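Two complexes come next, and they have one chain in common, subunit A, joined by subunit B in the first and subunit C in the second.
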Partner chain A sequence: MIRNTRMKRFSIVSAVATVGALVFSTLPAQAATPGVSAKEIKLGYSGPLTGSAGLVYGKLPGAMKAYFDHINANGGVYGRKIKLVSRDDKYLPTLAATQTTNLVLNDKVFALVGALGTATHSKAYTAAQLAKNNVPDLFVNTGFSGFANKAKYPTTFTILPSYAMEAKIMAKFIKDTPTLAPQASFLIAQDDEFGVDGVNGFALAGHKFTAAPTLYPQGALTPALAEGALTKLSAVPGKPVLVLFGTTDSTATILKAAEKLSLTTKFNWIAGSVGGDANTLLALGVKPSTINGALAASFFPDAKDATDPYVSEFMKINSKYNKGVSFDNVVLQGMNSAMLTVQALRAAGKNLTRAGLISAIESKGADFASAGLVPLNYSGTSRVGYNGYWFGQLNEKGELKPFGGKLTVYTTDSSSNSAPTASSYERKPVPKNGVPTNS
Partner chain B sequence: MVKISTNRKRTLAFVLLGWVLLIISDRVGELRQYQGSFVAMYALAIASIILLTGYSGQLSLGHSALMAVGAYAGALSINNLKLHPALALIVAALIAGIFGLLLGFTVARLSGPYLAGTTLALAVSLPTVANQFPILGGEQGIIFDIGTPPSRFGEDFSQYKWFFWISALAALITIWMLSNLLASRYGRVFRALRDNSVAAQLSGINVGRLKAIAFSISSGIAGLAGGLLVMLISGVSPSAFPLSLSFALLTGAVVTGVYNLKGVMLGGLVLVAIPEIAESVVSRIGGSEGFTTTLPGFMVSALLILAVLFTPNGPGQLLHHHKKKH
Partner chain C sequence: MKNINLRKSLVALSTTALIAGLAVAIPTAARADGPTCSEVAAATKYSARNTQLCTGVDQFGAKYEIAMPKKFNGTLIVWSHGIRKNTNLPKIPVVAPNGYVVDNSPEIAPAPAIATALLKQGFALAGSGVQTQGWNQEEQVLATTIVIDQAITKFPQIDRIAAWGASLGALSTQLLAENNPGLVDAVAPLCLSDSVEANAITYASDALWLTKTLFDPSIKGNGYASGSTGYAQMVTDIGKVLTVFGALSASIQKNPLAPTWPETSTVPATLKGIPVRSAVLLMGLLAGVPTQSRTFDSSSGPKGPLETSFGLVISPSLAVLENAAEAAILAVVATYDLELRAGGVVYDNTQTNWATRLGDDSDVYAAGLTGKTAIAGMLAYLSPLNPAAPRVKADPSAVARVAAYAKIQGNVTVPTITLAGTADHIAQGTQYFIDQYNASVASGKAKPGLLVNIWNKPPDQYTKFTDAGSPIPVDASAPTNGTQHCNFTGSQWLTIAKLLTDSAKSGKAPSSKVVKAAIAKDKNLFTDPNYRGQVHKYRQ
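Entry: the complex of A and B
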């Protein structure tokens, strides 16, 4: 009897095991997409959270997370909640490489979003083998035109217009503005791909500065260097045009040097979009009277303009999910990137894959709703986001108002010497409650 | 009973360690292989500090600059001279060694805070110097690409395992050579310089020449570590060698025991593992972003204090004492 029972058990277990093996062997092998489950999509961010760059850009992941929290509270993306894992690279290439590799191999994120910095991210891209693993590298915050090289960075989509585009549009603006065109013009730029891209853009536009550009290594512009450069230029007659093509902390160093030397009204200041964030300049100690009247390029609405529907919607989200953090250009940029990410995830469909996401941005990305006042340029051949700028004048409150009272948007490219053209682009309305419903 | 000489024992130990590392590289995932490569690279850099400070009594606060010299030399050898990556790493060590020799002779009369200040100035001026020469690629830097692993290792052989093999092999061979050197007459002379340079001079030792030689060897090893570092991040730029790297290496050397080469791997492990441990602590107990970013610094500081209090000569020395007692 005992023997029979044992035999029965053995037979049943054998049968179950055989059937199980047969069933499993007939199932198609399915490799799960990393970072995606039925309930969650895991995204990764690597950028400066601490250090001098962290002071300016540290708000970026918090702003993205706040927007994702808002989306999660409204049902997520096809039922999946978005989780953002942030890692601090302190704006150092070695840390950017290791942190991005950690995001891919350890945190197993589905895609990267909003990475910041040219020197850092170019190394991180190779070290983390994003191309080999086909990891989508979304809305990178750099205007370095090298990232547009699809062969080298096949999974990258940048969001900022290239610095070369910005320089070309600045050159046109100087040429077309009667108060600026006759003045001597000078350029103080960061000596990296950022600044060099800008120098190339001015050359493409045929703009000739009165003297060779003053270049300084990133993060190495000291008050003494800035004072030296300004003292040299103060002897130039008239009211020279001084273009500042660097990060916001460098712009602040130069403007504070001008305050010390009482040269704030000596120049027509033009700050690039990266270094012209008025809120950050004021937070870094630049006097309101100094920025009053300075010219700055932008592709976004003014972050202080609560009448703008996108700004207004993002401000609401910020006050609810990002408590205690003041709303500025960096927060606007972070939330806008997050909104684009959500639209990209929706466009990729319910069966989310890395290849599907890349293909969705290529085919539908140009039509995504966005806070930008200039067109998005994504396509099968273009990985660059915005492709234009408008010019404004800052007031003492740090508000950027359209120059001459009329908003004029210019669009151009990074490589030809064709002149920028005025664009009639009208952006899409902000999605209801800030929650995209595209497919 | 066959007697084995100390040198042979040391060689056997290194071969055995090599085998163990080879087996480990097959058993762990890609992330651990990548982290292991960094451990080996840091171990090498720490060994260069131990030789300089622990053995020859010279203090460098700017070793990251010497690593950068090697890194740029290696990258230029690959990009401009089209050298094989293995040769490029040797060139990295040689050029940094020659640079160190010249610097060593220049600063041979300096010691203590003056030497530290000179090397510190070198590290601080690195970004400006690098930006003066267009061939060095400015702030963006230049590529350091060693290419994919040889196809004979098979398709499954990952880039990270390749990095690990190269870094571990370079570290093992160099530290083995350094151990032999320190066990030789030169090791004794270096220690004599450190303990009493006047007495050493009275004994007929050319203090200036020997200090320069120690500086040169240390620079060469740092240059090799620099070459490995930029191999791991696929490019060299001034910001890859911040001043904080020099201080991190000194920290690793103190934790290792600055008078002892035995624990260099531990020093490398500490530098790689601390941020990971901090992150895992924060994820377990929760905490703000500020807590996450400040915890690694706090842990390193605590470890430094503990190391100075309990194992001033490093855990290697501690093991040695333990063996003697039994």
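Entry: the complex of A and C
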């Protein structure tokens, strides 16, 4: 009775379903794109807002939001206002996975922008099924070369040059600089994918350090360990080159150890872009005299350089929409990523889809206006943003000035042993009022 | 009634086939007499008025119960319980504080309070206490089939049958549905253990082998002798596992940043220079032990300078420690049981590549693992080339016997509802089952739209700390919801029961809208086709 009835009902339902499938298969897909309405585009950010990493990077989403507010006040993107949902992952991989999943499944964002950290984001990418859901993963703030693997991270676009590129360019810089080349050279690096990428980059460049690199796990470089390492190196004759390939807190620990041991002038300090932010070093208690003369790599203009048109424009936006927040490299980075995002959204057109956005960055991303002093490298085959560095020297004010008084930009790749080359890249002018009009 | 006759035919067929197919032979016997029923018993055991509680023993010795309320709504819900130990145990802290005697008592619901609630709603309930405990999915399917037979014989007014079960009982429930089309109208395999190979032999035994190799090589772990000697070896192993996990816990509590290795460890001094919490974390990551446990969320730290480092490098290790102790104990008990059943060693890790197994976790957890150099050192120690870390080779005939146990295929034919924790530390079979179903749909073996999946996640952050910054342990008797195995609230069990029985009645899986409405008030439950749950690490 019941079973027979159900079987009959099932047969009817099956028939209807089959006919329905035939009918609907002839129609175009009409599924709504998550996070996009006629009036709004919802974007998501997961990164450290609190905790020790939040002290350094916590300004990032605020800077992005300030820029989006500026765009919204100027008509949005094809009439749609941008809403940024920020979630705090405290720079912890498990929490990053949770928060990114929340952004995708609960907040239903259209795309992610500016995620920060290798360990955090690689776990989050898998946990939140960004590939399966085709969620655009824009302008990730890490130089881990693994994210350039399009097969594994098909929706990801990083923004930082890879750590391997940075190491290759550092090697080139050391080799080409007469005061550095003859000196013994040493590397103190984080013992993870960040440091390993750097070590690999130096190896690709053929640079041989005087001793094996000193490696330490993230967060484990204590003052005692730093003092021990510097004491050992202090016996090296001359003014050795000491490359610091770690996060800013580690750079600060080493420089403060040098202060304690009166070794600040013993070395030619070279800090990587991740660990060489002067504002943060000074905020962490490093003396201005210690950073004075230290060499650092960057792909941006100096955030203190108000004569730079991008910096100047972003400073205005920061004053208006990010009140009370001092302008620094992190704010510059956030606003620049937001401006790239707006250009990407515009390039994707009015009929915004996730696939369309990814395709737009692949085809047009290399031509986006950007504050970077080095080229953007997006294409159908490259997901890495900036692909070069320039070298500067810090002064006591924390300003990064071009080494030797002349800006020289080098570009290279992450995986070949070809030497970095000087670039003639000329960046595009900042869009009028900081509002892109590209299509 | 035709419906009942059809079911009875199916039961007869199923029973015959199951007996013939059992890997462990069960002597055939005549059909047992029907149950004895009493309203007093129902009132006593389940506080259920106007209900008959019928008890009996089937022809294979399995005790069973059927509870039938007077205001019956037409649906029988059959329950399959999870794994129970197949051997008596003396008093052992944590594992069996009061000792353990093999328990064959029948179970008709996840808990008596759930039974009471469902009986009040007018459902009839039934379930067995399987005659053979341990890894007994085949015996359990047989016992469940027989209790259905007894129920529909005794109560011909039964119009619909819904089946549910947890853990190993979930495996039995799904096997019941897959192998007996038409017998049940809807099923709910909950916190599913998809196979003995996945759950006990690989996952749990990997955790045990790593524990033995890194922390106490005197743990036997496998190859238990027969008779009382083997029993003593098994009990001794339980003690050693508890001891070594206790030592690890004490060491990490004493000095979380640089805890020392237990005295029983024989790893070289160079490895002992690595904080032992990193070896604990490595053990967990290699075996696939979740980094979220009842106390530790890997997402919180005490306010102050240690906030980030606690969440980054200490909490994941402590979570693994809290979870892995139970996984390792499961491995000891299950291995002993399986070796007795299969007649030889069933665990084999001769082909395991631990470096591959670690995969991206070497980047994600580099800080907690004390960096790439430490990772390389620990992996080198676990290499098959290291005689101090001997691999285990299984007995092929024993493996073949286990391989012959019935397996689920994902061939879903009736509305099916799953519920699983996102940080289950024992069984991670639900996503595997979903993948099987999707493959079956893709190949035309199953119809789409029959499977609904609900996940139970812990709060985003839940570790609590004292004012001094020490984590506050969560008692094992009241673990954080969303962590641990089959750790569901009464409300969650009843929500599933409602969806299950509605599906049995309608013949359709609940729509997404209906499911979302049903779980709307529960902060931890969610459903989303785009979510992917954990699968055992060796399958990734």
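Note that the second predicted complex is superposed on the first by the 410 of 439 C-alpha atoms of A that agree within 3 Å, B and C clash if a C-alpha of one lies under 4 Å from a C-alpha of the other, contacts with A are read in each partner's own complex, and residues count from 1 in each chain.
Assume a contact is a pair of C-beta atoms (placed from the backbone, for glycine too) under 8 Å apart; a residue touches a chain by one contact, two chains touch by 3 or more.
From a predicted model like this one, the values you see are computed outputs, not experimental measurements.
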item: Partners on subunit A (subunit B, subunit C) - clash or fit; value: clash
item: Touching partner for A:399 - first (subunit B), second (subunit C), both, neither; value: neither
item: Contacts of A:122 with subunit B and subunit C, given as first, second, both or neither; value: both
item: Which superposed partner A:53 touches (first subunit B, second subunit C, both, neither); value: second
item: Partner chain in contact with A:133 - subunit B first, subunit C second, else both or neither; value: second
item: Subunit B versus subunit C as contact partner of A:191, first or second or both or neither; value: both
item: Subunit B versus subunit C as contact partner of A:259, first or second or both or neither; value: neither
item: Partner with the higher number of touched subunit A residues, subunit C or subunit B; value: C
item: Footprint overlap on subunit A, comparing subunit B with subunit C; value: 50, 91-94, 98, 101-102, 105, 118-119, 122-123, 126, 129, 132, 190-193, 196, 215, 217-220
item: Complex interface listing, subunit C residues touching subunit A; value: 1-3, 6, 159-160, 182, 291-292, 297-299, 301, 305, 307-309, 311-313, 316, 360, 363-367, 369-374, 460-461, 507, 526, 528, 530-532
item: Residues of subunit A touching subunit C in the complex; value: 1-4, 6, 9-10, 48, 50-53, 90-95, 98-99, 101-102, 104-105, 118-119, 122-123, 126, 129, 132-133, 144, 146, 190-193, 195-196, 215-220
item: Parts of subunit B lying in touch with subunit A, wherever the complex brings them together; value: 29-31, 34-35, 38, 127-128, 130-131, 138-141, 145, 159, 229, 232-235, 237-240, 242, 245, 289, 292-293
item: Of subunit A, residues touching subunit B in the complex; value: 49-50, 62, 86, 88, 91-94, 96-98, 101-102, 105-106, 118-120, 122-124, 126-127, 129, 132, 190-193, 196, 215, 217-220
